[in-house]
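Reviewing the structure listed below.
So that you can tell them apart, the chains are marked A, B, C and D in the order they are listed, and the count of residues begins at 1 in each.
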Amino acid sequence: MIENRKDDHIRIASEQNVEEGNNLFNEVYLIHIALPEIDFDDVDTSMTIFGKKLSFPFIIGAMTGGTEIAEKINAILAKCAEEFGIGMYVGSQRVAIVKPETARSFRVVAENAPTALKIANLGAPQVSRLNERVLSDWVSQAIDMINADAIAIHLNPAQEVFQPEGEPWFRGVTDRLRFIKKIANRPLIIKEVGNGISMEVARTLVSRVGPDAIDVAGTGGTSFIRIESIRARAINEANIFSGWGIPTVLSICEVRNVYDGFIIASGGVRSGLDGAKAIAIGANAFSMSRPLLLSALKGYDETKKFIDNLFREFKATMFLTGSKNISELSRAPVVL
Amino acid sequence: MIENRKDDHIRIASEQNVEEGNNLFNEVYLIHIALPEIDFDDVDTSMTIFGKKLSFPFIIGAMTGGTEIAEKINAILAKCAEEFGIGMYVGSQRVAIVKPETARSFRVVAENAPTALKIANLGAPQVSRLNERVLSDWVSQAIDMINADAIAIHLNPAQEVFQPEGEPWFRGVTDRLRFIKKIANRPLIIKEVGNGISMEVARTLVSRVGPDAIDVAGTGGTSFIRIESIRARAINEANIFSGWGIPTVLSICEVRNVYDGFIIASGGVRSGLDGAKAIAIGANAFSMSRPLLLSALKGYDETKKFIDNLFREFKATMFLTGSKNISELSRAPVVL
Amino acid sequence: MIENRKDDHIRIASEQNVEEGNNLFNEVYLIHIALPEIDFDDVDTSMTIFGKKLSFPFIIGAMTGGTEIAEKINAILAKCAEEFGIGMYVGSQRVAIVKPETARSFRVVAENAPTALKIANLGAPQVSRLNERVLSDWVSQAIDMINADAIAIHLNPAQEVFQPEGEPWFRGVTDRLRFIKKIANRPLIIKEVGNGISMEVARTLVSRVGPDAIDVAGTGGTSFIRIESIRARAINEANIFSGWGIPTVLSICEVRNVYDGFIIASGGVRSGLDGAKAIAIGANAFSMSRPLLLSALKGYDETKKFIDNLFREFKATMFLTGSKNISELSRAPVVL
Amino acid sequence: MIENRKDDHIRIASEQNVEEGNNLFNEVYLIHIALPEIDFDDVDTSMTIFGKKLSFPFIIGAMTGGTEIAEKINAILAKCAEEFGIGMYVGSQRVAIVKPETARSFRVVAENAPTALKIANLGAPQVSRLNERVLSDWVSQAIDMINADAIAIHLNPAQEVFQPEGEPWFRGVTDRLRFIKKIANRPLIIKEVGNGISMEVARTLVSRVGPDAIDVAGTGGTSFIRIESIRARAINEANIFSGWGIPTVLSICEVRNVYDGFIIASGGVRSGLDGAKAIAIGANAFSMSRPLLLSALKGYDETKKFIDNLFREFKATMFLTGSKNISELSRAPVVL
């Protein structure tokens, strides 16, 4: 059952070592400025996306929904998003459309984060099999369910191919993405789930879809190849494809090369320093999933503390690079 | 006795760690395509070599013959080759020509794989000492013994020089290879046994022999220097020459630089992912020996499962690089 | 209290592992000259800075003052400076200005090192908050307190931002530095405290301040991010920013690129060999802090022995590169 | 006493780990030739130096003399040199000139190796202090003592500077070397003792001395800095200067760049494969010291076996690179 799979993902992602590959953040060096010419309190970390102002350019990653435990996690994350004035994705909402009795687990997000930036979520393989009428309806349902400010479609071919009950269907996906862009009435985000977006794919998206943002979700953080291989008891396969995909740092650079829209950095981002590096090399915001799953399972206080540290690391990096605001950070000198 | 040596090779290759050197497959990166625009089931892995169609471009490596255990191994491998529709080399057939009573151990291959691509096998040093009449006869015997579709001659100077009873005779070999090409009536494959073919050697082969295929058998997999040094109790020598030769990935590139015929990648290929990488950098098919020896010693079921996994890894890689067929895979972008 | 902080620094710096990052001295190779064409005794290690002659180009680093233990350390270091004919910085003198009863801990330096090169010390954040009249007075007090030959202002934004009671105030600092340069009546040294001076900062200093010397104090030695994080019990933060800053060797090269004044190499310099390398790549003198803290805590004899070894390593390096004097050493061929 | 020092060297060099630094032989790759076009028995390893033919281009390194144990070692090494038809250096002969009663320990070399290539040996620092008349006499004595075919002068500034009783005297050495070249009546070899000859030094030797051979004795084998530091109980110093000098492979390349005479490769050469690499990158012969000390201490049979293995490794490498003779080996393609 689809709900079992959701709980499997939470359990495996939280109990096992499922991070792998090299995101290359360690190869990115920001230049220390010994003479910042500002006070720490002069640093302005805020920014605006899709008309909403964030206190700093951070978006809680897409994770879950559809089960009891998912509901608890979503409620905690949403509360924090509201409190900090940051953004939040939900996990794939197919489960709630197919089984409406599970929709509550998503609705808690709108309830707990009434003003925060909220992003709906559906998967490419499903989208590829629906006709335009049904697809239109799913998109509306997903958006309405959480009163979303934007909708994300995730591309996850590696997950589908290694998932025991996977649906590796990508024929016709590009046309469906363009259709969604046309009818959604909300900004469209295209995201991966941990194997990265290459320059080739970004080029296709630019010329045939026209997304409002791309979330690279590159290699070097949570690996769905490993998660699904653990579920399938196919560890050997996981080892062979360990590190498959495009390191997050490379993916940011490749996408930036051909796309001048909004780029969200994710996949192994693990600190405010990583987030600041991502922005310095071309991203506009950053996102993080698994570490927030771990905090949320510990509760609301832990999660608040986690995000607070993230914020302080990010602001410290801005200060130490002499960046008064996000636009200065994006021009900070960087060594690769 | 030559049969004892054959069993020594099987025993040492299966019981000891005889793989060494760096094949460099880990330095080859295929680009993940998040938007493959095909379904997994659309992927066509088949290809054709010497007029025979393989279900995927894999050839079981040259290993053995001449003893009872070799016969069992050959029978299992041949059954699998037939079932999967892939190719198969046999080991050096000299033993069966010199001692015709051992020929059965090769004939089982024709019996169990009547329609599969089968490749006969002789060694360069032996070939160098026969006069043209006898050589002609040996070649015919080797081909007829297994009803071979092609004949391979292996170049193994390192093995011969470190083998206690070695025959490091390479004077005149090139001329004999050209003679075989002329009289064999079958495609001629020149292969190494784990130390690789350099650009210099490929150039000589192109200008003076004209082979139909080159199997690079590079460094980074089974090491015959180590196997023979273990037999000779000369481990120090093995350590000094550890990694001697041309890494498989380099050897593919070097040969492709000067040769536009069929290239078989081998030497440390250990997964369908490695195989797909080999094709993306210039090979046409791939081959593997020692891992199949290990499976065959465990039995038919293990061997089937092993090849099945190999196939699935290979097909998954094609899907994740958005390659609909082998020709698209051979043009897949690659980072070295 | 400020004195507690001083003793914290001494305790943590001496008892814990607070060195991190890569200073890159291991990537600098001096060329061995098998035929030096001089005797060891012909080597002249002496040099002159701000009109004072040093027996070799070494300056004891800026460390402490303000407490009882600091007084003992300063006395020992000053005695050694006098005896060897080398230079010495004192630690930040703010404490002694704010609490004049602690000034003795600095005055011992003048008493024990009447003729040695002595350098006064104040911090940038403090300086940024004083008006010109008060600032003028502080500078005079600091200089007079130790009868200083020069005054150093340290830039320490990373320390301030991670320090629990930190004062990350850098607005207006550059203008204050220019003011000090104008009124100090002594050479002005600008120094970091272990995160390095970048080319950007050096350029600002050159165009807007005009310092007489720059002490790079780069990454790869004592880390104040780690020291302050230990005090704040924020080890996670320390790990995230571990190695932050500009490696000492790079910092020397970056500063030399835009500045033709006197450069002092520090930050992880740990031997006379490192010191000689620093000079060969563009520095004029070298300095070291934490190792001298460790020696001083062991006593006068240990400290003397330590500096004597340093001297012998430095002179041996000059001999083995065939350098008769400092000017030849600064032209010694070097491989990076 | 000087004899004690000689026995110290033997004891420390044989009982402790005194090899360090990277000779870079592991970064030199010879190209495997799968089709050598010769038989192993066709390989001719012989060569000629100073009019003497060696069975393969190997010279036993300069080590010892002056004590009882040194005499035994020298006798064993000389016997082997004679038997294999290779060359042999003796250790510094100063001891035998200053204390003639110890000369026997060198004379055994002439007795046991009447026809082999023998090389006399004196040190640069000593040479620098003798007037021309005395120097002339020392050179004659050294040559006559072993009936030498050539004389080597060793440059060892690092050893002298770290040696407790060292004589780091190099003023005037170059002129003395030219004087020796003029009067010796034998070919003159200039050698290091494990820290290498740089291009600068080679240039000086070429323009002002004109030696008949240069033995690079580079970094990456026996370290006299370590040996002398162990004697002086100054391990810290040894660690600081660990790896000081020019890696043997680099030293060969640097010297070859400016010198077209005979180059002997030594310093960490540890196999016939290393020796063959040295020749492929520009040396004419190779030499080895410490491993032969270890064999000689085990006796004559061990030493014979050791040299025999060396010979076989060297010949195998020639075969596997398709080199019929030394001149072909010196043109074998090589990857650095």
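Just so it is clear, contacts are C-beta pairs under 8 Å (C-beta built on N, C-alpha and C of every residue); 3 or more make two chains touch, one makes a residue touch a chain.
Computed from a predicted structure; not experimentally measured.
The angle needed to superpose subunit A on subunit C by their Cα atoms is 90 degrees, rounded to the nearest 5. Work out the mean CA point of subunit A and of subunit B, and you get 45 Å between them. Separating the centre of subunit B from that of subunit C, both taken as means of CA atoms, is a distance of 64 Å. Counting partner chains per residue, subunit A has no residue touching two or more of them. Applying the touch definition to every pair of chains gives A-B, A-C, B-D, C-D. Subunit B contributes residues 124, 155-158, 160-162, 168-174, 192, 195-198, 200-201, 204-205, 219, 236-237, 240-241, 244-246 to its touches with subunit D in the complex. Of all residues in subunit B, only 31-40, 42, 271-273, 309, 312-313, 316, 319-320, 333 touch subunit A in the complex they form.
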